[in-house]
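The structure appears below as structure tokens.
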């Protein structure tokens, strides 16, 4: 399995934010994006997840013996917003995502209870999601990554709002995912505690070919 | 100047989250709340800011020679949501808050440009707020604390989404505020780098007087 | 009775029906709640002060 | 502690839910008995009293229509008073009181509407006209339904109670409109002839069954209201105990 | 406070579609009625004021439910609640801004509708005047509903249900004043003055109730 | 997909009070009308179908603009966009859920409104039928508008220009088919069939346009 970005460039507004980026993440590997605020980490992740159409290049996902396909179909995306409904209970939310996301070849999702157990909050799955504290909400958003299997996890500052224990729990969760053959792309300002991670430092707007643009 | 909480209890849903809390923050001091996810840090801050009515007790602010008044009037609140309109430009947003919040005895607010300078983003105040990256948005929300003076800053996980440099900038900003006689209440999972800070550890729901409640 | 009998009977009938529904709702709701309280008590969850007979 | 807050504490001691439940246990059977008895008398009277020379037998509809109409307004007034209790004193019993009253009020309003139309057909020749009295009662009905919907839409009971309290108070404007609409706008509907300044203008032959029925209906309201409040308190206790159990379980394993 | 007024105005101009959506909706309503009553010009003229008033009422409802919701979602409502300035005043200003952005255009467009409905000049003038005086009342009532809606996750329709019954008196007096201006025996002033009184009444009650609701449901 | 349908249905039931609220809203609108036009029963019966249709349009509009916005605000829209399943289908399902939760109850309740408006049986049947067939069209058009609104932060204006004018034909054919059913010379079928055609057309165009807008503007 392999996630491959070739010759990737993307614009924000009218300016190129990064240009001709290439990377390749294999099964069991992680790519950690760093860089100062506004340097384009989130943008890159959103390009990979297929929300922003790149100016050039493409991101593809290929697993053994199958055709390559758009990366977004093989990805879980955990962004700043949790993607859960405040009005529904936690378990209704997770059930929905489990059903809606469905399966993906090469793995199976955990059940809601197991996933809640992993993140250590199995006792409050009956509460409406909106009643939870910021950290609890974040942790249940992480549980979503577990209930439906996807080989690639795209994580945008996943550990904001987590306490120390939950932080460790999440690192373990990601390591576990990598060990079982998954991949992860993460943008963070704090170390995630991964061993075999490539680093990519983002630098913000590229101005050198401004004239091409205008 | 003094911020004083006496005998403070608050409920979430139908249950008591904390009970008979007392604390007192003097000019130049900070109070840092810690505790695991869901232990009630945000709730306490929202009680102080006057959004949640406490079950018992009250929080008052007193400055020399004046009557004590509800704490919320002397506070800046920086919560999870930034309180800025994505459709307006950064400077329109800041101008609005400067005008609307007005002054408070004992200090003056900076101008928009100065504040943007302090947070290190003076070059992009003309952009619509919605176009900024997560960290940039957060930093402009911090600029709001500067454009109108309030002696007490209530900070709920202020440094989530900030890069290392901005982190340092914010610590300096809070230290500066304390040095000039202000106070701060902060809930964080990461050290804020303050010296003279009291600590208060929150512990989550209290069960023993459930029957009083129903 | 007169030819108004229909209207009178229907009014009394409708009013009676609505009131009966209301009573049934209150009654059944009460019974269901009581049952739940008993079940909770049986499973060992009880209010600390349930020594007083209020919730029985 | 200030004097007022002391007074409030005392008040809430007197009316705390546990004490209320104890009271209900004693009073409720008596109320049920008296209500049933009064209804028996009232129904007997209303079917044996003579008929009106003008309205014929249909005057018998009055014996349910008028009490139901009065109660639909009284119920709202009770709710408005408890709404003040919720907002000013934050008394949990007040929350319960107006939540429990809404369905009962809706039922009485519905009775008034239905019997009114059934009376209107022979008297005015139509089931329904859009005059001020009828419409304002209809609006009252809608507001009851809206309040019920509101209470169902929110699952935090004390917050729901506060929100609906505000609405109840705002909607109270409607009550004087109902009461005085017949005087402000000239309509088909009867102006007040029983409850009015300067004494009643109704033949005592009709007055007696009407009054008995009115008292019976009022008692019915209070009986049902008490029972419904008791149910609601139970419901909340059950929820609280379930939450507590869940949280305790959660704390053990973390 | 002026800052708040200007910000809200700017926002609804820029983001919400502002004036135009109300006017368009208004136009739609007015365009459909003739299908119902047929091309009978006299009848149209007769029900004209009522239709214009109903259209305005319904158009005012569009967007009203989001009056506070948008501020809640981005956290600014919290900040508005903290201030020393009385909350009632803040709510009042927000109502004014909303009225200026959505109802005022309707008032201005109403003569056009009047022409469509074949109304005569006096009648058009009367409708415009009553709308000008009466429409703020609807906004103020609506504010109370919108404040309640903030507490609800998706309260839009609920608000209208709560608001509409209360706005019925406004409608009644607005319409009857408009008719009184044309039909001879009925005097124009009494219902008109009553309308003014209603608006003043709701200008007090509405923001008060809204402030109460906002204070009690923030969390 | 069924999961999505159920979730959306549950959301609108739970949060907004769902069906009950739509119907209540409709009831209030209808209750307001007679105050405007006066208690003239014949007139009421005549404008009845138009009023019921306008009420349905309004009820559909309220809340429709938030169809995708709510999902965008909490981030679930992103996740919906990523899936392998064709986006058009996702949008279509969301429309269906919205229609089931808000318009279907209106269709079912419309006979009651008809009674209030003093309409006769044929007319009531015709309105119900045309509503059943025509109201999905409004939802589908609205979906396209809602998608555009999500895409552009300042898209409000565009939406109103887009949605209301497009829904006018639906409204007009719906109302005229209802009238044709009662009034003798006019035939019922032609406008009715046209209405069906419109709905089918928009059932294809609406979700397509919405999907296109969502894909092109997510960021």
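Think of it as A, B, C, D, E and F in the order they're written, each chain with its own count starting at 1.
Operating definition for what follows: contacts are C-beta pairs under 8 Å (C-beta built on N, C-alpha and C of every residue); 3 or more make two chains touch, one makes a residue touch a chain.
Model, not experiment: these values are computed from the prediction.
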Consider the contact graph minus chain B; what connected groups of chains does it contain? one piece
Across the interfaces C-D and B-D, which one involves more C-beta pairs in contact? C-D
Let me check something: if the centre of a chain is the mean of its CA atoms, which chain is farthest from chain D? A
Can you tell me the C-alpha superposition angle of chain A onto chain B, nearest 5°? 180
Considering only mean CA positions as chain centres, point out the chain farthest from chain E. A
Where the CA atoms of chain A average out and where those of chain F average out, how many Å apart are those spots? 37
Whole-Å separation of chain centres (CA-atom averages), chain A against chain B: 30
Could you tell me the distance, in whole angstrom, between the mean C-alpha positions of chain C and chain E? 43
Shared-interface residues of chain A (touching two or more other chains) are 80, 86-87, 131
Going by the touch rule set out above, which residues of chain E reach two or more other chains? 14-15, 73, 152-155, 158, 161, 165, 168, 216, 219
Residues in chain C with touches to at least two other chains are numbered 47, 49
Help me check something: in the complex, which residues belonging to chain F touch chain A? 1-4, 6-7, 10-11, 14-15, 73-76, 78-84, 216, 218-219
Show me the residue ranges of chain A that touch chain B in the complex, using the header's touch definition. 12-13, 35-39, 42, 80, 131-136, 139, 157, 160-167, 189-190
In the complex, go through chain B and note every residue touching chain E. 46, 49-53, 72-73, 75, 77, 79-88, 92, 95-97, 99-101
Chain F-touching residues of chain D, taken from the complex the two chains share: 126, 128-131, 135, 138-139, 142, 145-146, 149-150, 152-153
Residue positions on chain F within touch of chain E in the complex are 11-12, 15-17, 21-22, 24-25, 28-29, 31-33, 35-38, 43, 46-51, 53-54, 57-59, 61-63, 66, 70, 73, 102, 153-161, 164-165, 167-168, 171-172, 175-176, 179
